[in-house]
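Consider the two complexes below, in which subunit A is the common component and subunit B and subunit C are the respective partners.
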Partner chain A sequence: MQEVAFFFGAFGALAGAIAVIRLRNPFYSVLALVIHLISLAGLFLLLQAEFVAAAQIVVYAGAVMVLYVFVAAYVGGVDEPFWEPIPGQRIIAPLLGGALFVELAIAILGTGLKDFASEGPSVELGFGSPAAIGELMLEKFLIAFEAASMLLLIAAVGAIVLAGRREGSD
Partner chain B sequence: MSTEWYLVLSALLFSTGAVGVLIRRSPLVILLCLELMLNSSNLALLAFSRAHGNADGQVFALVVMVVAACEVVVGLGLIVAMYRRNLPLDVDEARVLRK
Partner chain C sequence: MTVDFNAPDIDYAAISPQIALMAGICAVLLVSVLGKATNRNLVTSTSLLGLGSALGLMIWQSDRNTDLVAGALRLDGLAASAAIICIGVAIYAALLGVGEPAFFENGQSRHGEFNALLLTSVLGMVQLASAQNLVALFIALELLSIPLYVMSGFARGRRESLESGLKYLIVGSLGSATVLYGSAFIYGGSGSTDFGAIAAALGDGGLASDPLIGIGIALLTVGLAFKVSIAPFHQWTPDVYQGAPTTVTGFMAVATKVAAFAVFVRLFEVALGPAASNWQPALAALAALSILVGNLGALGQSSLKRLLGWSGVAQGGYMLVGLLVASEVGVNALIFYLAGYALMNLAAFSVIAIRERESNLGDSLSAVEGLGGERPALAWALTISMLALAGLPGTVGFFGKLYLIEAAVDGEYTWLGIVIVIGSMISLGYYLRVIAAIWMRSAPDPASLATSALGPIDGGSPEGEREASGSRLLIVPLALVAAAAVFFGILPDPLVDFAKDAGRDLIATVK
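Right, the complex of A and B next:
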């Protein structure tokens, strides 16, 4: 049962990822990324990361993707020209990507990670639940939590400064 | 499912995102491909977290999500600013910092 769920999630995530880089219209790419993110949230559930999966759906597939959809609609469908400034880019880039995958696969499967060929230890009930994550965040990782909230604030102010300026006011 | 499957899937998704960054020229799609790569690293973090039975990796994944959200906000702000100044939305054209 778990295998079936994994392969469905993996197929959805991979199909979404390939659709993001293959579709020419940025609007469709954003929608393909939503499929990718939801499939990935399913995989997170299989890994018993319940809170992260919920945050993935709410934060990513909800809020961030709405932001992307708005910007894609505001900017409009920009057609990429067919001519290439760098000759051979469309052939060399997938080759390099394939080489990167082979290297990573060798690193994962070929070296001392043999211990990970199992499912991992059985975890107690409540592993990855909001209560467990909240305890970790407010006790062990309190500084990282505060730094992340500061970073979000700085990013929001930066975006307003960047995009909020009217024409002719600078 | 053993952890290796998740790690190989995460490597596959990461290379897909890297290919996307290399072949696409619209800055919006390049940001989407960055999201692909960040999410694949999240998958690896959660797989390791499950393999060790330790929830610290899940907090790391949440922090990665926060950083990705910041990157999206600033990146989209830049794209909107480029569009308002009638600069070309093409990373090969927009390669100098001045106008």
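Right, the complex of A and C next:
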């Protein structure tokens, strides 16, 4: 059962990701991204990370994607060329991308980590539960957590700087 | 399910510089909203108050050597010295920003936004320099970068500035994503995000040469190389440096490098230290490539900001040598060089900024032609800065390179020491060209020197006329950094003392 669920999730995640970059209509790309994110949430569930899976659905597939849809609708259908417009990159980019893929494949297949071939590492009870995550945020990552809220504040300021109404202009 | 929650013991004295910066951000935002929007002096003073108190608190805490709040951050010599340089650079940038034409839009001052972004970026740098956990590292890296993307695109009436902001956003995000991907591999392999626990897994766990850790290290190297613009991950640098407002470029060129190198050195020497024999040759190749590419790329540049961008790529290569030898001498040489680099680059960027405001030649080389006869103070500052960047004796750059070469030889990378010397010789080709333009050419047509600093910004500003006089006040900090670049070139000992805690504390963590 777990294997079936895994392959559903993995296939959905990969197909969604490929569709995001291959579809030419930005609106469809956003919808493909939703499929990708929901599939990832499924994979998180398989790893018993319920909180992360729920956050993934609510925050990303829900809120962030709605924003994306609004932007795509607002900007409208900009038809991107199907192939890379810079001629030199048409050859180099796939070559480098392929090289990276090969490197990652070698690393993952060649690793000597014991847990790779088995059911995975054993973790303590409650690992990844909302309580454990909350504890991390309030204890070890207290300052990082506060910094993240500062980051949100300054991102709003930055958005106003870049996109705010120009005072004094007509 | 209940969890026994033990509130962490918070050492408020040790995190006081960060608290001061956070309070400063809030104060700047409130002052710019509640105060008169056009009062750039009030906003800048508030910002300087925040930065100044953070600097004071950091100096007060600089001899600490302790974990902060349950161990995600660490305050030690390395963190303190990097933070002191970054905050100092930000103070300089805040002063330089007072008269920055890009911070006016249709006559409205936007200094509140600039200073808030500046302080947030500095907060990210202070945290990054003390991060000893991959999660804390990533959040600090974003806290540093996101304000910088916005600051680069600050002059939204100018195409180049927007292009700079967009390019930096895309490349910077790619760099951050690469760091995150690498972190995931390291966490997957070692089972921990703490630098100490990673080192234990790599060393005692015998994972140092596992390919999964290897690819993690490679991705982390690439991501951080993007951030410090090491060749071949440097292509964005000249464009972003040129397009961003000069105040921002100066801050970005110096402070980002300092903070990113601080975490680079801590991550590689503490967490990935047991795998040193794997990453050292790769970093050595990157350093050599960066020195050559940066110096050769700078040769044909006619824009001073592009020239400094390329020179920054080469300087990044020199600094990487201090990192990759993985020794106390190397870390000390790196911090010494970073401090010197801050002095010489700030001098150069402020002369460019002042000339940009006085003439309408922008940052092109012709803007400084004949400066020797006309504005001797600016001419001397830029000359000292160029000589120091080239590493001539009598300037801080000379000792900086000397210590780096010493560290290279000490770490059995003598050939990299030779590459540094060759790079410095090539670099004379463009640094001396600037000096020749200052002293040996006559000033360009006076008509083009008319005060029209706000020409390229749409809308212009009624403040424009006051800018030329405002830039005269900048002579004081400019004279200070230029004098310091010479002073430490003759008597390097105070700066050596400043740098030496960094290496001692860091290497003590490794053992």
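Everything that follows uses one rule, which is that the second predicted complex is superposed on the first by the 144 of 170 C-alpha atoms of A that agree within 3 Å, B and C clash if a C-alpha of one lies under 4 Å from a C-alpha of the other, contacts with A are read in each partner's own complex, and residues count from 1 in each chain.
By definition in this document, a residue touches a chain if its C-beta (ideal position, glycine included) is under 8 Å from a C-beta of that chain, and two chains touch if they have at least 3 such contacts.
Remember, predicted model here, so these are calculated numbers, not experimental data.
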Of subunit C and subunit B, partner touching more subunit A residues: B
Touching partner for A:G110 - first (subunit B), second (subunit C), both, neither: second
First, second, both or neither for A:L152, with subunit B first and subunit C second: first
Subunit B versus subunit C as contact partner of A:L37, first or second or both or neither: first
First (subunit B), second (subunit C), both or neither touched by A:P121: both
Subunit C-contacting residues of subunit A that also contact subunit B: 104, 108, 113, 121, 132, 140-141, 144, 148, 151, 154-155, 158, 160, 162, 167
Residue numbers on subunit B that touch subunit A, as the complex places them: 1-9, 11-20, 22-26, 28-29, 31-33, 35-36, 39, 42-43, 46-47, 49-53, 55-56, 58-59, 61-63, 65-74, 76-81, 83-85, 89-90, 92
In the complex with subunit A, residue positions of subunit C that touch it: 1-3, 5-8, 10, 15, 18, 22, 25, 29, 68-73, 105-108, 110, 113, 116-117, 120, 123-124, 127, 133, 135-136, 139-140, 142-143, 146-147, 149-150, 153-154, 156, 165, 185, 189, 191, 207, 210-212, 214-215, 218, 459
Touch list for subunit A against partner subunit C, complex: 103-104, 106-108, 110-113, 121, 126, 129, 131-132, 134-135, 138-144, 146-148, 150-151, 153-155, 157-158, 160-162, 166-169
Touch list for subunit A against partner subunit B, complex: 2-3, 6, 10, 13-14, 17-18, 20-21, 26, 29-30, 33, 36-37, 40, 43-44, 46-49, 51-52, 55-56, 59-60, 63-64, 67-68, 71-72, 74-75, 78, 80-81, 85-86, 89-90, 93-94, 96-98, 100-101, 104-105, 108-109, 113, 116-123, 127-128, 132-133, 136-137, 140-141, 144, 148, 151-152, 154-156, 158-160, 162-163, 165, 167
